[in-house]
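What follows is a set of structures for review.
One chain, chain A, appears in both complexes that follow, with chain B as partner in the first and chain C in the second.
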Partner chain A sequence: MQKGINNLIEKFGASDLEVRRPGLSFITVENTKAVAAITHLKDIDGYTILSLITAVDWIEDGIMQLTYLLNNPEEIAEIGLRVMLERKEEAGESMETIHHLWPNAKKWQQELKEMFGIDFPTSPGLNDPFILEGWDAAPPYRRDFDTNKYAEETFFPRPGRETHDPAEHMKKNMYPNNPSDYTNKKYNPNR
Partner chain B sequence: MEEEKKDKFLAPENEIRQVAAPDGSIIEVNPLEDYFTQDRPKPYKVRKGPVEDFLNWARAESLWVLGFGTGCGSIEIPPLVTPRFDMFRFGIQMRATPRQSNVFVISGYLSVKTLKRAIRAYEQMPSPKYIVGLGSCTINGGMYYDSYNTINRLDHYLPVDAYIAGCMPRPEALLHGFEGLKKIIKAGKGHKANEYIENLDWYKANQKKIIKDWNMPDYNW
Partner chain C sequence: MDLKKLLTPFTAWGNITKDPVTIKDPFNERPGADRYRGFHKNDIDQCIGCGTCEVICENEAIDLVPVSDSKDGDSGLRPMIDYGRCCWCALCVDICTTNSLSLSNEYTWVSTDPEDFRFVPGVDKKDWDNNEKGWKKPDNYEFYSLKRVHMDELSPEERSDSFIEMMKGYSKEQAQQEADRCVQCGICTATCPAHMGIPEYIKAIRNDDLEEGLRILYDTNPLPEICGRICTHKCETVCSMGHKGDPISIRWLKRYIADQNPSEKYKEILEVENLQPKGKKVAIIGSGPSGLSAAHYLALMGYEVKIFEKLEAAGGMMRYGIPEYRLPYDQIDKDIDYILSLGVEIQYNVTIGKDITLDQLGKDYDAVFSGTGLHLGRSTGIPGSDNKHVYASPDLLRWIVEGKEFEVPESVVVIGGGNVAMDITRSMARLQMVKYGKVQVIATALETEENLPADLEEVVEGREEACIINAGWAPVEIEIKDGVPTGLHVVKCNSLFDSEGRFNPQTDPNVKEFWPGTMIIESIGQGMDLSYISEEFKTKLEFGPRGRVQTDEYFQTGVEWFFMGGDIIEGPDVIHGIANGHKAAVGIDIMLNPEKN
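Let's look at the complex of A and B:
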């Protein structure tokens, strides 16, 4: 068992342990205990590097998942700490900030606020434009944001654009007389 | 609402501020009005006959490219400087600043954020100037046609003289494109910079439609 996992389960009620390989585990904690768990991992268990904070939008389950990837350089081990937030229709999920533990966390949080609309109250510079400048639509990484529709409305699509399914295109153009040739060929990736 | 938005996006160096003049008096400076001219740009004069032919020949044989890579296609430009492709033999060379160059290669996808910088750089270049759109992304959006943040058609925002199709075009294709641009210029059709100024309102409306934090002068001299 990786260092720190037992503590997480016993002290912070972490669940759903998933060991990917020796030195990489994912585990879920409640959002109220997450910052305490991260602090414990950093100060006591040696996970001193914040590799990244990222989010996953589980729109079907109504969950916005945050993943804190922490690295322990001594043990060469990583823990992915998952936090499940309740997903809101119009963005604005709220999570405690961790910029007091790692100053660089404020940039990750700034990006999450911009791209997913997840709020981290008291994180410095949270609402400054980071990647998008002057963005006034919904956060683009949320899955209910329709990028195709937005692009068609905002930019000027050039007419005449077609897409071809490669398999259908090959059947039609390379084996027009006997499409079944294609399915019998050994290089057919779908066979 | 409009006022609030304008203030939010105004860059700190463009804010109205008090400045001490050399004689000690305090004067108010509004950088957007005082440091930039508000005049509309004027088209340059297109001559006729052999004079224009000579000028076009000179323009075509000294294409100075602005060293501003906007997307992934800019990786195709460095090989042109190497002995294998050697663009210097065609009179093409890279320049460091917009003021010294007359060709702008929009290399690949152009995000809205980069478009703003590209417009600034383009407008600072001395006329006559040319734009080469490199790669599919500048033509119809390429593989980023449905992206929320990259433009689809470059010619709605900046006047494009020549397109080089491909994803990505090889350096040979780039050289071929430059040769095509030379033919266009020598045929006297390379005055897109004038078209830009004549249709400035249309271009500006398109640009401002997507650059919502417009915090620079309308025309960047």
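Let's look at the complex of A and C:
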């Protein structure tokens, strides 16, 4: 495993190594060098399995993070290769595809496009629906997606639903004649 | 034809003797992972129905529905989950103020009725209610700080020989940080005797709109500088944040709003510059919290109000019973001066029943409200308690305010463990420090340490100031030598109440102590003085337990024009007085304007 890590640092300028436990390390590489680094890991260092590609929306830092989890079955080791993309206000961050290295990468990339709005030009079937059929709103895994607003606009309330505000409910049951209701109405009905 | 392609499908037969990697569903159970997020569980005895789960739910999957009666600290509501909307994110679990809500790891459940997928966890019994596995909020993070923001205070060394206010108040940053801990559930409002709009004024602090904050305070409480310092803050005892951490510093936040608004802007902020006179007059006996509160709300409603005060300054026990280091006089004056600015008049040094009779007030005014408070110190009645060097705490506290000179001895014993006892204990300690440079005051209480009636902070601060506070001792006799006390004999008190809950102290005479002191102060409660009401007038009133006059919901007595409130009816504390006075003002308006109500 150390050889793969050393190569990433020496050949591809990788940084921020985080050894999570023996056999699992995370390291960050620049996005322009990422595909070359992944290719090297696959073809030279034995990381032949693409376990997953995932993303994290660091909205406060203006960063969209991609993580490629690669597995070396001979060494029983995994490397999480992190790539930091500049986050865009309206989605559409772009990253090179790796479907030429692993054909199944197209499905991960298809999901990331749908859920995070990250673009992988030339990845086959990228814009096909993954699980969100007929979705016309912003990608829902972006942190600025307003789930509550979307739910209100999209779904109808179930018939018979009724809720109670705790303070109002307690007032009704415990002290219905609050004097401030009376005096406010008397001297300052506008409040 | 490629032979390899032809044969490849048959290679699968090679696995026929191997264990399958798939699961034989639906014939075998498929348990969720240990921390899987499945159907909700709720410990309904722990849940207080604060509704924080409902507020955070991004999918509006939660409704609060009534399942039991509302009571202090518990709305009686519980969350009902609509699984047609729930996305199992568990934000409701992570925000839960009592840790009552969790998710089981059960995720399969079949029913043909869609309505079954809307239920109240913990109330509607489910198979997974006792399932230990699932999602619970991890201990390593919180959505909100569990620690309240500390208020700076004078150190024990700085305050031990001074009556300067010890609590310094919050800065803007501190107040906003503390306000940010509030989840706005409003559980506190029901418990506050005045039902103050607590979540609303805390929100005003967050929004840095302190003028709106002041308006909210005055809706229910015309003494915010005072209550912001010395309120018994019952609200904080039920604060939902108190279940996992420190309750919100509601009292200090109230003080922050009042402190930040300058008195000269009050009338403009509170929009009271054009009050409409009603042409009717109300007399108020006593300028304590209930009288001032009644005066304030009556003035707002256009009544001509005159307060009759026995002493030479207004405020009642707030001025004459609470030491200046807890409640500075200029802050009392700020609240009272604003009420006077509404046209309320005070006549000082006038005693009802002596200078003017109650009947005369009834003739001269359309209504009378009396809030004369509890000023008489109660005595233990133990041998030696009739000695002239044995004092009642209300008298001494008043003398300190009036500047009356009295002998401050080197050793003092205070009998009592309540807040008033702590007030006189700490006041005497300060006077000793000034005179002798050292403190020797012993307060002795019947109650055990855990059950001391005084606020914990009073006990802690008193001890910081070198006062000795001994819990669990019963006074037996004050030893007198040459006409002067030498100290108090006490025996161990093991319990206060009998099996039926009646006050019946059980003592052990074999475990005894002697606390030395040449001044003994009794501080075991206060009584009312109703001597201003003539015997003939009393026949028109109904008296209940412990000699309290019976009043209706609006504090109206058996005499239509006579209302009573404050400590003589309910409490004793300032906030009950304020609430009583407000409600009595409403009652007076209803009584005087029956056609409009």
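Throughout what follows, the second predicted complex is superposed on the first by the 155 of 191 C-alpha atoms of A that agree within 3 Å, B and C clash if a C-alpha of one lies under 4 Å from a C-alpha of the other, contacts with A are read in each partner's own complex, and residues count from 1 in each chain.
Throughout what follows, a contact is a pair of C-beta atoms (placed from the backbone, for glycine too) under 8 Å apart; a residue touches a chain by one contact, two chains touch by 3 or more.
Small disclaimer: the values here were computed from a predicted structure and weren't measured.
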| Which superposed partner A:Thr154 touches (first chain B, second chain C, both, neither) | first
| said: So in the superposed three-chain picture, is A:Glu133 touching just chain B, just chain C, both, or none of them (first/second/both/neither)? | reply: first
| said: Between chain B and chain C, which one contacts more residues of chain A in the superposed model? | reply: C
| So, A:His169: does it touch chain B (first), chain C (second), both, or neither? | second
| Regarding the shared-chain residue A:Asn177, is it in contact with chain B (first), chain C (second), both, or neither? | second
| request: Name the contact category of A:Met1: first (chain B only), second (chain C only), both, or neither. | output: neither
| said: For A:Ile49 in the superposed arrangement: first (chain B), second (chain C), both or neither? | reply: neither
| message | Per the contact definition in the header, classify A:Ala36: touching chain B only (first), chain C only (second), both, or neither. | response | neither
| Across the two complexes, what residues of chain A are contacted by chain B and by chain C? | 147-148, 151-152, 155, 157-158, 161
| chain B contact footprint on chain A (complex, rising order) | 129, 131-137, 140, 145, 147-148, 150-152, 154-158, 161
| request: State the interface residues of chain B toward chain A in the complex, per the touch definition above. | output: 9, 112-113, 116, 139-141, 145-149, 151-153, 156, 206, 209-214
| note | Per the touch rule above, chain A residues touching chain C in the complex are 147-148, 151-152, 155, 157-158, 161-171, 173-175, 177-180, 182-184, 186-188, 191
| request: Give every residue of chain C touching chain A within the complex, in rising order. | output: 49-51, 54, 58-60, 62-66, 69-71, 75-77, 82, 84-85, 87, 118, 185-187, 189-190, 195, 199, 215, 219-220, 271-272, 275, 297, 300-302, 553, 579, 582-583, 585-586, 589
